[in-house]
């Protein structure tokens, strides 16, 4: 059994990590860390969790080296930056779910995470990337930084175009739509149910840091592959799940059939990415409700001939494939387990 | 492996049975039956299901004896009545999720299911009841009729009062609140999203057949234990999950502490029933969102001293503990498997 | 023009009062009071409001006598108690929307509003009651206390039974279901969208102060008419609108036709109460979505013969007929205007 | 009083027209037309409507000339094409809410409305356009075709760029998000509440006819002003209201301040368009919930410097400003009434 510690136990991602850890046959939950929630049992904080988990939340102690083989950080970025620096030498593996170590380029990091100081030295030791695209690098890694939820969806959507098809993307316009769980459980008036329900809330209409993260990563994968990428993000009126729509303009020749086949081929060996036709079921897909609670990312690629563009739609559960599930997926690869271990739950739909 | 057939594959309960069957380590899905959906693949009908299930839906053939060890009927009651009669002699076990065989008393059955003809002979061969309360009877049973979703919640909520505490319930008033998945996928204008969202729809304000079912069962368990029971049911503005509120009037002496302890004791050995205190977490419980996607039924018992009554709240996922999950639970008991086999998924919350 | 002041401008009821005041042909909004929101313009606090209202929110000054003919208090009960005491001698009319002066019986008030000190002397000067039932008393009244949202629905539902039909109600069990706007905009984790959406939240499962308010009022109208009344309340997954279900047990003889006719007759002259048959439209009614944004209260009375009870369903918009609209209705009567003045907006449905 | 007939009384737009007509001081509802709903009273079809409207729905008679001064067509496009041809010579004014006469260019019309035959002769007699942009043309017009809901939002969003600022728009990418009321009340499985709630449904991911409509109109206003325009549309998880996001790429020099001021100036005399700053209230705006039930269209223009684009967000209630309210607005102008007559209702928020 792999001994797992989770820090940030009171947040939504923390709760989801606990859920997945308790369903995982090879993980033993040995530590739950938190400050404001210290002393609480998990089911007090997350009402769905089983009542008989033996643990209570503790402040993170000076040393976790004898208690955990891996520590998952579901903490805000500033806390993650600090904790990662400390834990890096204590435990074999630290997996950070925050944005603290996602952007490699220092100037870009500072632009989007001005309140998250970190050393480039530490940052460079982190393996970053969607597991489907950086799998080998994760094997045995000691420091892992997971992509953001939107960044995961966008990157999985664009990678086949850039990498497999080798297209030159002149302009990519991303429109992201997410449920309210994306905002966590901080107390903000705008996130109270009366004001958030029924909303189409343009919370990041003219730029989003996940777009910077995507470019930073894809630029390293294939320099110059994307000339311009902009993003706007909206909160819509449900709780869990997101859709990233990438509108791609290229001068290269494309057609619908080639695109779809390239995607199928690209993700053939990757069980969590489902390449789907838009009309293959009784609702149009992808739709995040069709992946709810699971680690799937559904991707559809379309050719809008009249509009002169490629439309890539990626849908995932922001709390699973966009956070906790992807963490477990990375952990599985890191520790040499089959990638689907503990992640075989199917989507709960309708919900 | 136990070979399972599912009839009624295109409905919501059918889809949920497929989901649970694919997650169950001891089940092999060998047959999917349906009429209107014949020829379709499961993921066409239920967009969340994994794409690589080999099966397609077929019309139910004359004989299923060499293909299934157990057949689950997720069909409308009239179809179930007919299919059960035929399949009873073909396969070792038939589990019916419809209302066809729930009410034992013939007159009461005819009152609530006037369009479901059945012979009393066949009906009497069925084992009926919530698995927690009739467990032994299910072992090796050849015909099993599962309780309705509300009936499950109400019965689990009242059983400790009637059976363990031996109270005489003079009047029980049940108010049931359910999400839209309770109504299935039939095409009715009132169930279209614009008219159903935001609704509090009194669809059965002055009587519900699940109340008849509860009385019929509890009367057999303890004759005279409940003098009067009435029920009203409402559709509220979410999709999955229900709450049954039972307001119980008795002349017997009760107090909050005794009640809670009696419930804890009663369900001690039953992992799917969680007896909870109303304030034990950051939201009031029970709340169906805290059991979403799982086979749990959360129960809370309260003593309203000023109101002179006992308040019992039971919440469950109508598609899992109220239908497909309970079917698997019964199947596990029937075939001698540990009761939690394939049912260890934790609630997906928030969703 | 009647000069109106509104205190508590930042809350939901305050915002709704501003909305209705700007639509009212005989009202001139002359004062907006608030403490935390002082200095803000109404549209900053309530994004839907027209942008060109000239006023900004101010702290309540020592004296409002020269600025307002009527002051509407949309403040928490403790603040209302204090403000009413002060304003009673300054302005011709004070209308309080809080619970500070609703319960007449001192002991009962202290039981349910322990933190709201008031003098019985001041309390006794308030006219309390649903306008349909106490209309004459409101004419020229200087102090008016409006019923709670649930109390309005329940009282309008029960009044014809008690008053017109003269039934003796042996036991009334009330189940209340409300949207999230009922809880206002206070910052509570449980009211954040991720935890409140999809919920059936039993926030007052074993007693609610609106039940005490109803009994206190009906007992004065017809002593002994109701022997027992208990209530439970739930938050369900929408924003605006509530349903009160009153399950009434009586030994008196009743039948469906007599009941419906008595209700029709009782509310014949009252344009805001619509007595409806359960099946008169394509969705079952009453349903709060069918009164959204309007001052209507829809009422349906049913006879559940098998259950031995009368079922009364009342639906209203908690922010209009349950708060701001009822305030304007009372104001209209108070100042001798036709009762529908400024309240002719029809329900916005679907929404 | 202007005598109004409404055809298509059973649909959502028809119901909304009835709502607005009953609130309008200068309109007298004299005819309700429908086929499947003939014989029904309005409140049977639309549960919110007042119960005392004297009319019932009738089949459209041969001649309406003596009953109506204006007929509003809330019918499907094929029916509108037929009815308009007939009514054009019977009544002083016909206002069509369908897409039958929106696109002027015949080839483009046939591309997007292949099943809507019409003569170019009749089509050319229609005045088309958002009232704010074609006001004068509506005065005294006998045939009026109203823009689609998305087309209204997009056109109001882009017009100041093209017309007032005279920018050359090289590429416009529109992402539209709408509630379920946009799809009407047709019986489709995908629109049942269980499958539609919680969805992000890409129902028109690679092209939408409202985009063709916008280009067709703007091209006539300023030929060559927009080089390319593409659109994708999504259904999200609420009922009423839409947001159109227009991502605009231009080589012309722009800055945030100039943009905002130009919009303010452009809509200065137009009370239904509210130009808003993104952060001017406690929720980000525009958001369709802030215009619910009203005839407002909220518009915000932003400069995304890093993304090298202009972001224009337009939010409106698709049933009011996107349909019935805009119809009344056009009617007011047509008949010389003040434009706000009968349209002064403020947004119902939160809902």
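Think of it as A, B, C and D in the order they're written, each chain with its own count starting at 1.
Here is the rule we go by: a residue touches a chain if its C-beta (ideal position, glycine included) is under 8 Å from a C-beta of that chain, and two chains touch if they have at least 3 such contacts.
Keep in mind that this is a model prediction, so the values were computed, not measured.
Most remote chain with respect to chain C, judged by CA-atom centres, is A. When the C-beta contacts at A-C and at A-D are tallied, the pair with the greater total is A-D.
Once the centre of each chain is set as its mean CA position, chain C and chain D turn out to be 36 Å apart.
For the pair chain A and chain C, the distance between C-alpha centroids works out to 46 Å.
Measuring from the averaged C-alpha position of chain A to that of chain D gives a distance of 38 Å. Among all residues of chain D, those that touch two or more other chains are 12, 179, 181, 189, 194-195, 197-198, 238-240, 282-283, 285, 287, 289, 292, 350-351.
By the touch criterion given at the top, residues 12, 15, 19, 22-23, 43-51, 181, 239-240, 274, 276, 280-283, 285, 287, 289-294, 344-351 of chain D touch chain C in their complex.
Contact residues on chain B toward chain C in their complex (touch as defined above): 171, 173, 175, 177, 179, 189-190, 194-195, 197-203, 205-207, 228-232, 234, 236-243, 245, 247, 249, 278, 282-289, 292, 300, 302-304, 306-309, 311, 313, 315, 350-351. Chain D meets chain B in the complex at residues 12, 179-181, 183, 185, 187-189, 191-198, 238-240, 351.
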